[in-house]
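Below: a set of structures, written as structure tokens.
Shared chain: chain A. Partners: chain B in the first complex, chain C in the second.
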Partner chain A sequence: MTAATTDVVDPGQDTRKAGRYVYITAVVLLCAWVLVPLYFLLINTLSSPEAVNSYPKSFIPEFDLGSLTFFAGFEGILTALKNSILVAALTMVMSILIGAPAGYALSRFEFRGKELFRLLILLTRAFPLPLLALPLAVMFIRTGIDDTVFGLALVHTTLAIPFAVLITFSLFSGIPIELEEAAWTLGCNRVTAFQKVILPLVLPGITASAIFAFVISWNEVFAAAVLTIENRTLTAFLLQNLDTSPLHLKFAGGFILVVPALIFIFAVRKYLFAMWGIANR
Partner chain B sequence: MAVIEIKNVAKRFGDYQALHDINLTIEDQEFMVLLGASGCGKSTLLRIICGLETASEGEVWIGGKRVDHLQPKDRGIAMVFQNYAVFPHLTVFENIGFGLRMQKMGNDEVKRRVERTAGLMHIEQLLDRYSGELSGGQRQRVAVARALAMEPDVILMDEPLSNLDALLRMEMRAELKGVLAESNTTAIYVTHDQVEAMSMADRISVMHEGKIVQAASPIEVYRNPAAEFVAGFIGNPPMNFLEATSHGGGKFSVAGHSFDGPDAANSNLQFAIRPEDMTLSEDGFPAVAKVVEPLGAHLLVTCELDGKLFRAILDSEMQVKPGQTLKLAPMPDRIRWFDPSTTLAVA
Partner chain C sequence: MNPRLLPYILILPVTLFLCLFFLYPFVLVAQQAFSNGSGFTLTNFRDVTEHWKFPISLKNTFLLALAVVPIQLALSLLMATMVTKMKKGRDLILYIWTIPLGISDLAAGIIWLAIFEQSGFLNSMMGGLGLIDSPTNFLSYQSPVMVFVAIMLAEIWRATAIMLVILVAGIGLIPKEYYEAGEVFGATPWQRFLKITLPMLRPSLQTALVLRVILAFEVFAVVQALGGTLFPVLMGETYAYQFELLNGGAAAAIALIILAISITFTLIIMRALRVPKGATI
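Let's look at the complex of A and B:
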């Protein structure tokens, strides 16, 4: 990294310098692509209604907490937030409990129809949700789990499972079978070998896929809007109410939606990197 | 204290018969090597003994107890894998102590045993490291130490040295042999490397196409191969073969020369001789040298004789040029005979 500071003339220096500029430019552009909209969202959230609707815009927020206070006092928003977290957490737990064993089986056992099964898992994502939502709503009303946190979590789990299965499948496949076999010869049975050897090795990846399930549920709005009336999640609640709100409240609502997901992903970023195989040490 | 008995073991994978009716007894504290080319079933047999694979037929007995229905952990065995299988999330210490911890052994005893086996394998200074920080040779030492720490009746090794480079392999070979001899365990060692087999084994089982062709001491396997396959597999280069036709009275004619052969019903036999068992003599086979390879310690000459390739190992001082005709005489007591209809040796 500090090699460029030496006084010795290096013929490769110019090319390397040019490469560095391209690299830095790319990084800056990518960061801007993500951060600039978020920054505008932040400014407009923290501005008074007049400032939001005026032109030109200020690049420094006014720290007017009016819009946010409005939401904090808005009836039902805390319930919606609680519902969102509950549904997402349930989705996370259920999709891992169902998805991880399926991933393990796919990676470790040979069975008839294995390839077809893997294809079918992907195909579940090919159905547009609106197509499923109405029959589901009818079925949920009949069984009495409509408008409940659990019912919605079931739908979100269905959406998250394909990812959970495929991610855990690749995680388990990445662990040599010999490690498990060695554990068996050293006094473990299948269950203890899994606990002592496989689980510690896949935990970062499992966490990553759990987070993925959480975010899928958090961001999902269609099923949430169709299947719940009283127990709305935050997304469904805001979508319903923001439609008819003034602009400054729309910004504040969007901000409220984005921030928890951001904080969550930031907190567990290490595991996401592990999932993509970038850093696992 | 463990004799291993393998009785009528067979293994099928679908239509493919990997093992045919294997019968083998391995004595207590014996070092048995299963030797064969890849796909001959040697690893499958080892995995059946270990319990990682179930036999389609037959029984496995260890120390007078039938074990083929038991899980690997209940068989009194420990295994060393080809790719080491050192747990990456544990330190070397915890790797070696893994099996002991599974037995709920006290901390002091674990520490004592781990340090003792680590000392045997010369890895005391690595106990705090993780496997990612070790070289291949060090990982294999950890894997062997982990198996030894269990103080098993039987230690099973599946090509443990084949991932190491040549020099390290030679060093580990000698060390492993010494450590195992001290440990009083019965050992089964799978390899495709005949040098490893010859140098380490008390007894070698040569396997071919799912069968044990010969189980005998290394020198016996080398000197008196039980079948043509063994003769053509063991030795570098392996035995030379020539056609032999009987002309009555126990005499066989080989490439125009007459030799005393065995009393065999078959009038056509294979005459076999090791390349190093040739001397230069006026009444030898006339062989035309094709390729001359000086190997330092000796000279390997590939000749043409009776229309076939014929190899001879000669003294490195010899001056041989391609195209030159050599008179090669086989040492009479080193000649072996095989029956082509059964491929087995005849005496």
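Let's look at the complex of A and C:
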């Protein structure tokens, strides 16, 4: 662990040195606490179905693709995977398209009702949103979008939108309004100034919040399970087959759920803290 | 275009969206819970609360929240203070510690299933150390304590990261001058933590606790993956009413009960940790 070799230790102070060791041990242990369970999942995924169901387990993966092949060949899985990706992609697009303008408005304008609007956004965080899937299931049947990718994406967008608004708000707030004003004096109007000056600056941040919206949707279980029957997403499929599916299918499925999340959190790690910092206010 | 209207045009999409998919469903779910097709009724609530599983799932949900949240609070505070002291490797350690943030609760349940199932890694480890002769089935009705412990560990593993991120962002906002002043006056690290970090962190603690407690009452997929029907929780009952018993009214009634509990706790936490007026950083 690179963190283990932090600052220079003063050789005279034994207690400080001991404290340093306790500190380093704690950091390493906490890293292990997060990583070891993930490693176990990896072992199970990269083992043959026979090995997954046998005892005792080896603590080194045998690099057998049997479980993953079984997963890919299992009826309905690939469609579920496709649905998951579609729902998440739709959620990503909708939450940014709908959320970003509001983030911009919050950062640039003082207007009546601004506090009320902020309250509405923050209010969404004080409710267990997946429960809304229940009444929406009825509403969707009436409007004919029940059991569709689009219907589920609408619910997931509700989950992702508060984040999209707050993140884009903090992004736009980080760009001085003088930049925009300078563009106006140089012959840009609001729209072109936004396109040419602001957009390039916020694009990485917007991408990060889009990715975050993707992960929110990709991981969501309850609403997905309530709202889809034929067009199940991967989480809904795995949940509904928990009782019947063999262990190697569960583990391979869990692994497929985890991988994109790992990559995405890595991609947005810079923005995670900015996002939650502003969310406190 | 009238520039005074611009902010309203920009926030219009979010407002409409949230009214349609956040506020309106609340009306719908209440309607569903309080009606039986012909008029106002409390039958749904009576059906739900008189069912033998209701007290158990209520107790389980509370017990789990009570066991998990304080540990997570302590753990995330510890991790956040450790991270702020870090000089090298801070980014890497933070990434590792925030990995679970991107992991679905279903995946988290499956990950801990790999450890606790009968041919899993805990049994393999204990067998390898010669502690047991044959693998025991931890996740059965004969060992309710182990089922609870497994679910508890999975929850702590999965959802500490969200509190950590909020607290790290919050600690970053505390001016360094306060700590320097504390040091000048001879405050020990522990005193600085108690007298500076904790009080200044109040808004972040509030956000973190509200989010976490609401998530705790929503606990669902982790329980399904590890305990199944062995450990009934409120959200699982909602799901069962909706799908297995096809009783939408009863599902809505439980949903309202979960909502009421969540709102009560949100208010309690907001009140207990309220930030005095004018006291900002």
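Criterion: the second predicted complex is superposed on the first by the 214 of 281 C-alpha atoms of A that agree within 3 Å, B and C clash if a C-alpha of one lies under 4 Å from a C-alpha of the other, contacts with A are read in each partner's own complex, and residues count from 1 in each chain.
Operating definition for what follows: contacts are C-beta pairs under 8 Å (C-beta built on N, C-alpha and C of every residue); 3 or more make two chains touch, one makes a residue touch a chain.
The shown structure was predicted, so the numbers you read here are calculated from the model rather than taken from an experiment.
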| item | value |
| --- | --- |
| Which superposed partner A:Asn189 touches (first chain B, second chain C, both, neither) | first |
| Residues of chain A touched, compared between chain B and chain C (which is higher) | C |
| Which of chain B and chain C A:Ala225 touches, first, second, both or neither | second |
| Which superposed partner A:Leu179 touches (first chain B, second chain C, both, neither) | first |
| Partner chain(s) touched by A:Val155 [first = chain B, second = chain C, both, neither] | second |
| Partner chain(s) touched by A:Leu201 [first = chain B, second = chain C, both, neither] | first |
| Chain B and chain C contact sites that coincide on chain A, given as residue numbers | 281 |
| List of chain B residues in touch with chain A within their complex | 50-52, 71-73, 77-79, 81-83, 85, 87-89, 98-99, 102-103, 132, 143, 146, 150 |
| Touching residues (chain side chain C, partner chain A) in the complex | 4, 6-8, 10-11, 13-15, 17-18, 21-22, 25-26, 28-29, 31-32, 78-79, 82, 85-107, 110-115, 117-121, 123-124, 127-128, 135, 157, 165-166, 168-170, 172-173, 203-204, 207, 210-211, 214, 217-218, 220-221, 224-225, 228, 235, 238-239, 242-243, 248, 251-252, 255, 258-259, 262-263, 266 |
| Chain A - residues contacting chain B, complex | 176, 178-179, 181-189, 192, 196-197, 200-201, 281 |
| In the complex, chain A residues that touch chain C | 1-7, 23, 26-27, 30-31, 33-35, 37-38, 40-41, 44, 52-57, 59, 97-99, 101-102, 104-106, 108-109, 111, 114, 117, 120-121, 124-132, 134-139, 154-155, 157-158, 161, 165, 190, 215, 218-222, 225-226, 235, 238-239, 242-243, 247, 250-251, 253-254, 257-258, 261-262, 264-266, 269, 272-277, 279-281 |
